[in-house]
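The same chain A turns up in both complexes below, where it pairs with chain B and then with chain C.
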Partner chain A sequence: MSVAVQLIMNGLIIGSIYALVATGFSLIYNVTKFVHFAHGSVVAFAAYIFYLLIKLGLGLPLSIILTIIIASIFGAVIDWIVYRPLRKRKASAAVLLIASIGLMILLNSAILAVAGADVKSIPITNPVFDVWGARITQLQVIIIAMVFLLLIGLYFFMKHTKLGKAMRATADNNAVAQTVGINPQKMYTYVFMIGSGLAGVAGILVGLEQNLFPEMGTSMIIKGFTGAVIGGMSSVPGSVAGSLFVGLVENIGIWWLPSGYKDAIAFALLFVFLLFKPKGMFGGKS
Partner chain B sequence: MMLQAKNMSKSFGGVHAVSNCSIKIPKGKITALIGPNGAGKTTLFNMISGTLPSDAGKVSFNGEDITTLKVHERARKGISRTFQMTRTFKNMTVRDNLKLAQETTDDKLKIALSKVRLQGFLDHIAGELSYGQGRLLELARSMLLPHTFLMLDEPTAGVNPQIRQEMKKILTDLRKEGKTVLFIEHDMDFVMSISDHVIVLNEGKLLMEGTPKQVRSNPKVLEAYLGK
Partner chain C sequence: MISAYFIHLGIMFGMYALLTLSLNLTVGYTGLLNLGHIAFFGIGAYVTAILSPHMPLAISIPLAVILAAAAGTLLALPCGKLRGDYLALATLGFTFICGSIARNWISLTRGALGIAGIQRMGSNTMIVVSLLALVLVVYLILKWFVSTPTGRVLQAVRDDEVAAATLGKDVFKHKILCLAISAGIAGLAGAFYAHYITFIDPSVFSINELILLLSMLIVGGLASLEGSILGALILVLLPEPLRFIGFPSSLVGPMRAMIFALLLLLIVLYKPRGLLGKVDLE
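On to the complex of A and B.
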């Protein structure tokens, strides 16, 4: 029983982080209509920035705030430098996708070159609780609570603020959005800032909960992308549900399989959904 | 003049959709843009609203050159438009569709909706409305924008006779309010019954312009529609 509870808890915790990655990824996809694969590398970039700030002795609260701000700005800079010039030249979604893969490789390599190949970790005091026989750390409770609050906040932002509605309008129909005076370029900048800000939070949480390594961004985008595909790329709540599902399945799966198969389980799920339900659980008819 | 488009040209590949076409839209009037299929009406319309960049030509609005302005910048100047195929924000409520045009109270939104007989639909998802209702919502949204110039691309296409009558009343009410309307239409009875000024295009060029009576009695127009 306690093992089952432990695996479910682990699944929910890592699934929550995947949900943050998938939400940012899905938001960017819905507004810009292309797959920003370098989103995972923004998570890794944020995690390393956070590690650096902690090492510089800035303290946890200031490091968290600065990391989120830097990640947001970094997202906007990526859009301005890489995607905006391509959009101006009427580049197709496929071209933008290739550019995003190139950017992902570039960022991963840059992290490797600057931070080195060794695994890094951020030491923090982390009390452990016992919940129905499972061991849960204080940080893990904070992760679930923070992700939950962030996603609720994002929901209200998108649903009830003028900017949120303008972003939804751009996602819904870009051409019509322009006729009501919405500047699409501004929306792209904002969505990259918000999506990358969420990636920044995910980077912080991964940095605190797990170890840092240069290729971590690739792993994060595979999980986030899988979650988004399972939930339905066009649905942000679907992406959250899909990511929790990925977290749960890969953790419960290691009850029967060696833990090294976690990534393989995520890939298997991705293939199954791409083959049989490519629009996901909440993304409408295939 | 409210709007002037001078020497407008647009080619797609080797096909000249609009060539060296100039039109003037008088202020406070309803102007119809007509012509047989392939005459270049929608192309010219799209170049004026900014959704399609022109190869050549100049567009002036209230005396200001707006040729290089983007769609959203033209919208902010007061140019509002609808599309040939109904385009609403399908995943959003009717309320949110309207509020994107103008942030205002529910009471004012209900008044705007009552003008197009969609009162009671405020909380409906736009994608669930019928085609005709979607057309009316699109019109209500365009009218809510702080516009002075309203462009309608085939407003009565695919709608039932009742909605067609409602459209007629809405457009004549807009004229009474001093608004300027430019619309593309294939229904000649509709065009002749409400237009003050008619512009006829053929093969991407201006064929003639004048009052509905002048257009109706011009043999060139008949020839363009029916062939020699």
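On to the complex of A and C.
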């Protein structure tokens, strides 16, 4: 029994980190209408920046704030240098996808070249609790709480602030949004900043909870993207539900399969959903 | 020693030329943005590596080609209805799944340790000569194939799928055919790789290799077979100076990947038709 509780807990914890990645990703997807595959590499970049700042002795609070700011500026710079010229040329979503995969490899390799291939970890004190026979650390409680506070905050931001409404208008209908005076380029910059800021938080949490390695970005985007696809890419709450589902399935799945198959489970889910239910669990027919 | 180096470059070029030519058939001529190509290469390499201890190469290599083509057909069946970025993502998922299987089905593939001591195909000179001859043959066959009625239907599918279907062409069947041929050629390249390097591990399914293929294809240009050969040649030679500059070996790998990714980005940004391309990437 306690093993089941532990697996479900593990699934929810990692699933909530995936949810953060998926939310940033699907926000960007909804406003810009293309798959920003390098989003996972922004998570990895943030994790390494965070590691560096901690190593420099800046302390936890300052490192967290700086990492989020750097990540969100980084996202805006990516959009500005790579995606904006392509959009100007009216390149198709497939071309933008290819560019984003190229960007992902570029960032992953840059991290590998600068930081080295060895696995890094950030040391923190982390007391362990016992919950229904499962072991949960203090950090894991903080992760779940923080992710849900952030997502609720994001929900209110999108629903009730002027900027959030303007973003949703651009997502719904770019042309009409322009006629009422919303500058789409500005919205793209903002959405990349917000999405990458969320990626920054995800990078910090992953860096604290797991280890850092150069390829971590690929794994993060696959999980986040799978979560977003399962939940329906156009729905942010759906992405959250989908990501929790991915976290649960891959953790419960290792009851039957060797743990090496953890990643394969996510890929198989992704493949099945893209083929048969591309609009997600809650969406209609393609 | 120097000639051994050039023979190695020749073999690498031949292998990548085969891969790029066949990828051009799906992406350039048929307009299917297929990111599963490297998986067919890996399948070809693994099949012959696993089978060759039990049978002559003259049987295991054709089996590798057939199984890779079968995998292509299998991928085309569910993906035939998808287009554009959805197709790209589903086929990318296929590459990841194949990599996962190679890493985890340890009793068959020996997992991350890889398969060592694969039988050599022959002397390096023999490999380079037969491989380059094969590139020429594949080039000529594809050149002929794209001008046949079937090949022209493929290009019609790329330009306007609905129009092709309206004219009574079986779009789905042509897509399957295209992927099967292209996957078979990639599998053959994989078999050459396995019997030349004599060692394979799951990294043959890596996304870095996939980016390298895409760079070769797009640098050379879509729907241009000459472009594919040129693209493969340029990208095989481009990172070679890194070997001689004297970077530590831990840096050479990531620098190579960075060069390929950067080149792909620059080409997509500033010269989307590549050097000899005839159509735009869509």
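Just so we're on the same page, the second predicted complex is superposed on the first by the 284 of 286 C-alpha atoms of A that agree within 3 Å, B and C clash if a C-alpha of one lies under 4 Å from a C-alpha of the other, contacts with A are read in each partner's own complex, and residues count from 1 in each chain.
In this text, a contact is a pair of C-beta atoms (placed from the backbone, for glycine too) under 8 Å apart; a residue touches a chain by one contact, two chains touch by 3 or more.
Predicted model, so just to flag it, every value in this text is computed and none were measured.
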Chain C versus chain B on the shared chain A, clash or fit after superposition: fit
A:47 touches, of chain B and chain C: first, second, both or neither? neither
Partner chain(s) touched by A:271 [first = chain B, second = chain C, both, neither]: second
Chain B versus chain C as contact partner of A:92, first or second or both or neither: second
Chain B versus chain C as contact partner of A:70, first or second or both or neither: neither
Contact breadth on chain A, by residue count: chain C or chain B: C
Touching partner for A:180 - first (chain B), second (chain C), both, neither: first
Contacts of A:168 with chain B and chain C, given as first, second, both or neither: first
Vertex chain A; arms to chain B and chain C (CA centroids, nearest 10 degrees): 90
Smallest separation in angstrom, by C-alpha atoms, between chain B and chain C in the superposition: 17
Chain B/chain C common contact set on chain A: none
Partner chain A, residues of chain B touching it in the complex: 49, 51, 70-72, 75-76, 80-81, 83, 87-92, 96, 99-101, 103, 141-142, 145
Chain C contact footprint on chain A (complex, rising order): 34-35, 82, 85-86, 89, 91-95, 97-99, 101-103, 105-106, 108-110, 112-113, 116-117, 218, 222, 225, 258, 260-261, 263-264, 267-268, 270-271, 274-275, 278
Complex contacts: residues of chain A adjacent to chain B: 162, 165-166, 168-169, 172-173, 175-184
Parts of chain C lying in touch with chain A, wherever the complex brings them together: 33, 35, 78-79, 82, 84-86, 88-90, 92-94, 96-97, 100-101, 103-104, 111, 207-208, 211, 214-215, 218, 250-251, 253-255, 257-258, 260-262, 264-265, 268-269, 272, 281-282
